[in-house]
Structures are given as structure tokens and as C-alpha cells.
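Below is one structure; the comments refer to it alone.
Chain nomenclature is as follows: A, B, C, D, E and F, assigned in order of appearance, with residue numbering initiated at 1 for each chain independently.
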Amino acid sequence: MTIGLEHYLVLSAILFSIGLYGALAKHNAIVILMSIEIMLSAVNIALIAFSRFIVPAELTGQIFALFAMAVAAAETAVGLAIIISIYRNKETIDANKIDLMKW
Amino acid sequence: MALKTETFILNAGPQHPSTHGVFRMRLTLDGEVIQDVEPVFGYLHRGIEKLAEGLTYPQDIVFTDRLDYLASMTNNQAYVVAVEKLAGIQAPERAEYLRVIMAELMRISSHLMAVGFLLNDLGAFLTPLLYMYREREKILDLFDMVCGQRLTYNYMRIGGVSQDIPEEFIPALKKYIDSLPGFINEYEQLLATNEIVLIRTKNVGILTKESAINYSAAGPVLRGSGVKWDIRKADPYSVYERFKFEVPVGSVGDIYDRYRVRIEEMHQSIAIIRQAMEQLPQGEIQAKIPKVLRPPKGEAYGHIEGPKGELGFYLVSDGSTNPYRLHVRPPSLINLTALKELLVGVKIADAMAIFGSIDICVGEVDR
Amino acid sequence: MGQVIAFWVFAVAIIGAALGVVLLKNVFRAAVLLVACFFGVAGIFILLSADFLAAMQILIYIGAISILVILAIMLTREVAFGSPSNKFQIPAFIIAALFCTGVIWAILNTQWQISSVAPGATTTSGLGVKLFSKDGFILPVEILPTVLLATILGAIVLVKDRKK
Amino acid sequence: MTTALAATEIAAKLEAALPGSVVESNGNTVVVKDVQLFRAASYLKTTAGLDFNYLNYLTATDYQTHFELIYDLISIEHNHHIILKTRLTDREKATVASVVSLWRGADFQEREIYDLFGINFPEHPNLKRIFLWDGFQGYPLRKDFKH
Amino acid sequence: MKLKSYGEGIAKGMLVTMKNAIRDPITTQYPEKRLNISRRSRGNQLVWNKTACISCSMCARACPVNCITMVTSRDENKKLQMDKMDVDTGVCISCGLCVEACPQKCLFMSRDYEKAVYSRKKLKLTKEDILMTDSSKPSGYYSPENETKLPKQTLLIDGKKWDK
Amino acid sequence: MSILGRNVLPLTVHASVLAPDWPWGFWSHMIIFVVIVMAFVILMAMGFIWFERRVISRYQIRIGPNRIGPFGLLQPVADVIKILIKEDIVPLNVDKIIHLLAPAVAIIPAIMVFAVIPFSNGASLVDLNIGILYIVAISSISIVGQVMAGWGSNNKYALISAMRVIAQVVSYEIPLALSIIGVVLFAGTLSMNGIVQQQSIPFILLQPLGFIIYFLASLAEVNRTPFDLLEAEGEIVAGYNIEYSGFKFALFYLTEYTEAIAISTIITTLYLAGWKGPFLPPVLWFLIKVFAVFTLIIWVRATLPRLRIDQVMGFAWKFLLPLAFINLLITGVQVVAWPDLSQWVIVAVNIVLSAVLIVAFSRMFRTKGDKVEA
């Protein structure tokens, strides 16, 4: 048995779905953020797998993954800043209670 | 980041490396910043003031050793000064000179410890403390030679001192006094210009002149805040009028000033010991006092400048052999009153340094 | 063979850790499992001969992101609050499951044009050439710092105490 | 040399400012009435020429018939001192005004007196036992304290 | 005071520690090497000269912690004799007041210092235990005639003579 | 011991080419050498514990442990035995799994670092072509263990320590990585062995500023004085490991020393030409240099007090980070513009530039007037 592209892609899909479930079904804003990170990782796996199996000499997939990582780091920083800012103002990080703009 | 965070209570002590004994600070913290302090004492309370009422005047000297155990000689001296004032006894000159030599040696020893522990609290891994210990050991050797103990000397007596110094004392003392300034300068070099020490101590824990006076602070804490107040100059006791020495004062009142004042006082003490050694007269060491001392009815307050501040004994006599009331003016306890003002708003690390710079001895705080 | 074993070990570890992240009640444990998950992903990257990216994955995701998440957990002290599910639990599960099935179906039913070229032994210099050469990705590389700078500034502004 | 001011002069000044406050005066000791203590103390602290800005120590003695509180006041700039005393005869409800608002250095010393003598200082900001634990029975430095 | 901030202070300090590193250590390797203790050393035991004692109980009265228990009686010649003299060294604080109080100079502090025992009861010494024999080591505390016979104390200030 | 020989394990990530002369090929090699490296690291750690105690006691005019074994050499062994037979305490109400896992999470990355250290020419467990990057990445995992310990101890002191460790280590990782890039620019490779081979003169001369930044940042990274805030004894008693005892504490203690050895070896490799040196065998040179670096660390520890947390952060962001950027810029210009210039010219220029920059930045770091802030 050899591990081919499909294996990695299926792994990526499952991981993405888990992240999706977490992002949709959770109260805690930090846990939602963590779920989003999992989704981004899943995407990275897919990108690199494509790169490895389809254009191994080109490395474009890896470069995309690299950018994704940089953006993920930025996203986390801003996300956590928002969470902490909300916590400071509303003393909660329950995403369902942060509904100021929901009418 | 100024976050909205919950405050929480941290018990620093009673067993904590930086509380110098069994002393507890209940710190209310917001992150690392101290919001409120409550010192909790009493873990070493032995009721010495009450015990003293059941003992005769000479027996109480033994208990003064156990107040500030880093400066037993000065405790002895303060007590005997008070009793002599109460009973109207004048100690012979030689005894007074010996007392001065011992008290100044004790001051050097206590200041060495204070500075060493302060630097230890600043985080220097034991090195300066052990250097200070080395110098202190030499002083303890001298005390050991004179009175046979290294910590609880029980050397001074009402109307004199217990024994005359042995003949090898003065040469050893001279040798020590000659070598000490070099060592102190070396320690100065080690730390006084050290950038880390400077940024940790300068402008940290400022006690202004006014609050220092208002808080009844005494000793290096008061002088570090710029108040030129030293009992040896303000109200000379013993033979201190005969010596030339300066009273070093600080300017800002921060940790660094208190540290400088202690270092300078060591140099001044060396000068005093030099003069005392030169002037040391021959003669009696013990005044004639009755076998059973019964001071007349009345009260007296005798005070001296201890290493940690004004150390006084307030005595009330009812004409019997035991003091009717003995009260210690404990500089450690009274200096601690300012702790709350100094600590609120600083970080834990600074709190420990400030606490170290006040230099308390729990034996004296709790009595 | 070694690669096959390694893949399955990593895959199971990642899925397990990810499930832990979304299902555990204890937020701190979830964060620690997130670290494990990222570590497994780095392992997968190595299997895909992306060694530089594996190191970056550990450096950025574990060294920075997870640690920041843990810091946020400590700062907000919402551990008692935990990580409960909201009322969309079942719909979310259905959506995720449907998505998963759909994507896997698509993956398995696509004819991938697998290249037979062996991947380069080292990716670092290749990545460097790609990123910084004239006909490479120099423009995104230059845009990225701008994004990061904006992020840093934005984060600082968000968290700054306005009272002062 | 710290000069002990003549108590009689101080007493006269006090008597002029606060009539009926002085009980007796001799040597360097002025005894004031317990109800007038705070006013006498603040007079001594704020009056120009006296400026007793330094409370050296504060303690109490149990004379069985009464408690005596001793305040040793010093003026740092003039280098003189005076001893202010007051007597409390009510042993059960011994109460005297706190001087913490004048000299914050009195804080722990008043707590100590409260702890060991059971004298109350109602205005004290944090009057709790200082050395002994809460719930300790009795006040050890009273002469009638039985162990 | 001017602040210098180029690290010279740190450099100077490091030179000082280096200087101390090449100095002799001040440690004494205790059980192998023993210093001469002070000639007036107050160890935690008493030495009692029975022949000179007049059983006056002055020592017991002088003791601030009441560690000396003394029972005397008159024998047929109306002379005081010592029935019991217990010294509880667990209570003794080595203050030396008993030695000073002795009118006959028949009580001495001992120079012994290794007096640990396994039970508290053994700390209580009877008059036989403190009796002056040839092996007991009376100290020169308050006893100049003893002092002159004893070897001089080794001082730290004199350097490491004892180590040679 | 073949680990000291040349190229015993030419193992890259693509572990396809392996010395096949042993039974089970790759795995037997891997397992045996992993065991050898781990044993070596733990022995080194114990040796360094003894060494530090002896050396620091010399600075403190003491003698140090000298009773157990010759020169007290067996003292660490005795300590380990003592610590292993101590009661293993788990406090009430802790998160047990986190509490138990923390020491393992802390020590494994610390030991993993040694996989790429070349003890001699090519004598490393693996000669990764991303060697130094691997080290930076792996060593950042250790703090997860410390944070877990801080959280999992249900203790306020430990929690404060965990907050400090996050703030400090995350801040210092940036100047650390930036100063490494300077070395990489000169060497043109990320492989640890390659970096050593490129050093015809030690990089400490070419990169004096980078060395200073790396040294200080790595001191902070492994929490040694003057940046040992997370176990600041006088403030938060023992920090994150306050509730640990017995074997778990031993692991933390070992982690601390393993990390200290790791930075000594990394500094040796990056800046002091690693195993290179005349006359003596390379392994010996390597060990001598490692001990020299470690002695310097001990010397710093023996002398300096601790900084405060805000001063530590200020030092990283206001002093080290700008200097690291400037160092990177200078190095980049030198490498790109004058690739053929004599190295000695660059050495001279760089030393002068470093001195000027440090003085200038100290001036800026020191604030207006007499007021000192970090």
C-alpha cells in the first residue's frame, strides 16, 4: 500500500470538516478561533499535497501554504485582540452573547 | 497591555524566600501589579515585653539579644542605656568606649546583611550576599573572642560590660578595620555602577521626606529620604560627642538611596571605630552597682541609633527588682508602617526589593 | 513502508487531536491538543517532502499561534465557562458531515494527474528562488509585510486601553 | 542634644488653646484629658514653633487603676521633644481617639496597644489584632491577665 | 549621580567576581578541619566544680529561663549541701549569667559544642553529668585563669592558616 | 563510538539511502544512535550541573560539592537518587493530565535539539538541510511544557510564572531568529554542519553584534540570569515548577540544563566554528568550546541581578530587536554588495559598527535626564 494524493486529500477534508463543525457549533470565541486554525491547517495540507504530487518541481503549492501561514498568524493576532477587547468590554467570550449588531 | 482582569490574592509568606523570616504579606494583585498590601505579623511573637515584667533588670538583657538577632549588641546597649537612665548609673569610660566599638561593629555587620539581602532580593544569585557574609563572619569572630557567642552576645551589663576585651582583640580589630574599606569598595564596584542594579533601584519605592517623617520612619529609611536625623548626633548618648563623623543622607528616598546610605554609614562606622580605638582609656569596665538592682520609682526612655533606626526602651519602675513595664520602640515594626504606601502600584519584583530595602528583622517586628 | 506507517500514525493523531479540540469541555486541554494537532500536521508536511514548511509550521503554529491562544485563555479566565456547544450543534454536525462526504466523493472521483517527477531533496533554496526571483512571487512577498504591519497595528489599537 | 521642652510652658499654651485640657505637667511630661487628646496632639503638631511632626513612639502602661498612654513627640527641625500622656480610667471600655490621621506612624503601634492592652481607637482605619490571632482571649499586657 | 549605560558597570562587576573566584575560598571543611573556637566560648553545657561549691543557689536564681533546678539541704554540721542540681540544656540559652552570678567561681561554661542527642530527656543533665573532671573543658568565660591556659582563637581575618 | 567519526549517519529527510550493513537497516541505526545521543545529553546535563555548582561556588568564594566521589563528581548522581525516591506529590484540584504531561512536553524538545548538532565533521544524528531552522522551531515547543506546568499546578505563583514565560519567550524568539539569519547569510546554508564548514574564521568575528544579540536572547530563551524571571526565587519562589516533586521535578531540572547545554552548543556551532580547531581532535575542540560558553553563562549568573518583567520586555523590543534588524541589514548589504571582499575587512568594519551601534542604542535606551526606565 502506498500513500497517494487521495489519502492526503481525504485527511485534509476530514480535518477541515472537524474545524467547520467546531467553528459552527461552539460558544467560546477562543475555541472558534482554534477551529478556524484547524481549517487553515487542513487547507495547507491539501495545498502541499497538490504541490507534491502534481507539480513537484514547481513548489507553487508550498508557496501558497507559506502565505497562508503568514496570514493565519496575522489572523490569530487580530482575532485574539478582538476577543480580548470584547472580553474587556463585555466580560464574556461567549460568541452567542456578542450580538450588539444583530437585530 | 492594560486588560480588564480579575484581581487575586497572593500570600507572600510566611515562608517565602524574600520575607526574611516568618512574615506574611497578603498581596492583592492585578496581574503583576500590586493593588493592596496587608502585612501580617505575629508568627514570631514571643511576648518579650510581658516576659520582661517577670524577670529582674539584669536578666532582661538576655531577652534583648533575641529582638533583632542581627544586631544583638545594639539591643543590649539600648536596654542598658535605658536602665542606667532609670537608675541613675554612670558607666565607666572604658566601658562606654567598648560599647561604642561593639555597637559600630554591629552596625557594619547589620548593614552588610541588609545590603546583601537587598541584592539577593534583586535576584543576584547569592554572590553579593556571600561576600557580605564573609565580612560579617570576621566581625562575628571578634564578638566571639570578646563574649564567647556569635549571635546572642549578652555582652553589656547595667553599668558597664561583662568582661574586658582580651589582649589580642585590638590588633585583630585594627587589622579588620584596615582591610574593610577595600572590601566595601570592591562591593561598590561589583554593584553600585551595575546598570541592572541601577534600573532596578533608582526611582523605585520612593518615600518622600514628608511621608518618611509622618510614618515615623527611622534610621537608614529616614535618612535615605533626606532627613538628617541620627540619634548619635541629635541626642548624643554614651561618648559619641567625642567622635567626628558624618551623617549620610539620600536625596530621592528610593531603594538606591537607602542602599547608599547604608554603604556610607559603614564607612562612617569605620571612622568612629578608628577614633574609639585611639582614645580607648584604661580603667574599670563596670560601675559599682548594688547586687540586687532596685531602681527608684519612675519611668525612663533610653534610646540609641540602632542599625535599623532608633531603638528605644521605655521602662517603668515601681521600685522593685523587676521592671513594671518594658516597651521596645522597634524600628523594624515602625519602618514597616510605610510598606503599604511604598508597595501599592508596583510590580511584585519591585515589591520584594522595596521590602528588602526597608531591612526588617522579624524578631524585632514581632517581639 | 515507513512512510505508510508514519502517515497513518500522523493522520490518526491529527484527527484525534482535532476532534479533542472541538469536543473537549476544558478549553486549556483543547489548546494543548491543538498543539498536538499542529505537530502532527508538521509531520505530514515532512512526509510530503516540505521540510522548510514543516519547520515553519512548528515555529508559527506552535511557537506563536498556540501560545497566543493559551495566553488568551489565561487572560480571559473563561475556563470555568468551558467550551459548550450551542444550539446549532446538530445542524453544524450535519453540515460538516455533508461537506466532508461531498468533498471526499469529489476527491475519489477525480482523475488526478499525478506527476512522476521526484520532489527535490531540498525545498528551501527552491522556495527562496521562487519567492524572490523576478518572475516569481515577489509582489505577494512585498504585500505580505504590509499586511502583517497592518495586523500588528490593528491588534495594538484593539487591545490598547482607551481610558488613558 | 534633643532638648526636652519645659512641660509647664507647653501646658500653658495648651491650656490657652484648649481650656481645661491639661491635667498636670512636670518635667517634660504633659498629661492631657483623654477626650482632648486628639485636639491637643493636632495643636502640638501644627502650631508654629512647636512643630511636633515626628511621633517617636507610642505605648501604654497598665497602672491597675488606670491606663496611661505615652506619646513621645519630636520636632525634627527644632530638635526638641515632649512627652504627651493621657490617662484612661475605664478599664472595660477604654477608648481614646486615634492619631493615625496626624502621624501615620501610629498605625501599627495603636494596633499593638489594641492587641495587647485592649484599648480602642475608634477612628483607626484597620483596627485588628496585630501579633495575636483573632479570637485570642484577653489582653496580655494588662496586669490582671491570667495565662 | 550620572547613569552610565554601556554595560561598563556590568563589566566591572564581572571583573570583581572573577577576582573573587581566584581568591581562597573561605569554607572550612568542618569535621575534618576544626578551628580553635573562642577562648570564652559559651557552649551548651555547664562545668561544675563540686569542691568549691557552697550550694548557695545563686546560679539557679540568676537563670532567666529557669533551666537550673537546685535542691539543697543542711547536713548535720548545718552546712548546705547539694542534693540535686539539674541543668536542662534543652532550655538553656547559654547566656552565661549563672557563671557570672557564682560567688565562688565554681561554675563554668563548657567549650563543648557537639552535644546533639537523640532524645529530649537526655538533654536534662544531672550534677554528675556536669561535674568537673579531667575531660571536661571549662571555658574562659568570666574566668581569666582558665582563659590564659586555652589556645588562641583562629580568626578569619588572619587568612587560611588553619588550612595549611 | 561511531558518532564521533565522520558521516556515520548521512540521513536526510528522505531516509531512503541508509547504511544497509546492519540488520534492519535504517531503524537499527536510528534507535541505537538516538539512545546514544540521549544518554550523552543526560550525562552532559549531569556533568554540567556539577560543573556549574563547582564553578559558581568558586565565584562565591566557596568550595562547592566535593564530598561524594572524587571532586564531588558523583554529587549529581546522588541528587538524582535522592530526588527519585522522594514522594511524588500531585496537588489537589489540578488538571491531572496537564500536570503529568508537562515535564515530558518540556524535556522532549530540549533533547530533540541535539539531533542536528554536529559533534564532529558530519557527526550528527541527522544533518538536516534546514538544521538551524529545525532548532529554532523545536526549541519553541519547550515553553508549551512550561506553560502547561504553570497552568496545571493550580498555584498562583506558577500561573504568574506561566504568564511571564509566554511574554518573555515569545518576545525573545524574534531577535534570536533574526540574529541567526545573519550567520545564515554569511554561511549560505541552513545545515549546522555546513555552517561550521563555512567558517574559515569564526563567525563571532564576522557577526559580533549578532553574537551579542544571540547570546542575550538565548539567555532569555532558556531563562538564565539576568532573565530568569519565571523562576525568580525571590519573587515567585520557584515559578512554574513550584508544585512538582520527585521525578517530575527532576525532568524540569534536567530540561533547564539541557537547554543551557543546547544554547552553548548552538553558540559554539554558529559563532565559534564548532568542531574546527588545530591539533586536537574535533570532538575535543567542540567540548572545550561548549564548556567555555557555559562558563561564560555561569559567570553572568554569578554576577548579575535579575531584571524586572517590563524591563525584560523593553530590552527585547526596544534594544535587541532594532539592533537585530540593523545587523541583518548590514550583513545583507555586505553579502550582496561585496561578496569578494576580504573577510578581514568585514571583520574590522563589523566590530567597529557593533561598538558604535551598541553605544548609540544604549544612549537611546537610557532615557531623558536621570529618569531611568526600561
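Throughout what follows, a contact is a pair of C-beta atoms (placed from the backbone, for glycine too) under 8 Å apart; a residue touches a chain by one contact, two chains touch by 3 or more.
Note that the coordinates shown come from a computational prediction; the quantities given were computed from them, not determined experimentally.
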Remaining connected clusters, assuming chain B were absent and nothing shifted: A, C, E, F | D
item: Mutual neighbours - chains that touch chain D and chain E alike; value: B
item: Chains in simultaneous contact with chain B and chain D; value: none
item: Maximum inter-chain contact count - chain pair; value: A-C
item: Far-end chain from chain E, centres as C-alpha averages; value: A
item: Between chain E and chain B, distance of the C-alpha-averaged centres to the nearest whole Å; value: 25
item: Euclidean distance of C-alpha centroids - chain E vs chain F, Å; value: 51
item: Rounded Å distance between chain A and chain E, as computed from the means of their C-alpha atoms; value: 75
item: Interchain centroid distance [CA atoms averaged], chain A/chain F, Å; value: 32
item: Where chain C touches two or more other chains at once, by residue number; value: 49, 52, 56, 64, 68, 71, 75, 159
item: Numbers and ranges of chain B residues touching at least 2 other chains; value: 1, 3, 127, 131, 134, 190-191, 194, 196-198, 202
item: Contacts with two or more other chains, residues of chain D listed in rising order; value: none
item: Partner chain B, residues of chain D touching it in the complex; value: 1-2, 53-57, 59, 61-62, 70, 72, 76, 79, 83, 103-109, 112, 116, 126, 129-133, 140-141, 145
item: Parts of chain B lying in touch with chain F, wherever the complex brings them together; value: 8, 10, 16-18, 31-32, 119-127, 130-131, 134, 190-191, 194, 196-200, 202-203, 347-350, 352
item: Residues of chain F that touch chain E when the two form their complex; value: 57-63, 299-300, 302-304, 358-359, 362-363, 365-366, 370, 372
item: Interfacial residue positions of chain F with respect to chain C in the complex; value: 12-15, 26, 95, 97-98, 101, 128-130, 133-134, 136-138, 140-141, 143-144, 147-148, 151, 159, 162-163, 166, 169-170, 173, 190
item: Chain F residues within the chain B interface of the complex; value: 56, 59-62, 156-157, 160, 163, 225-226, 228-229, 232-237, 301-311, 370-374
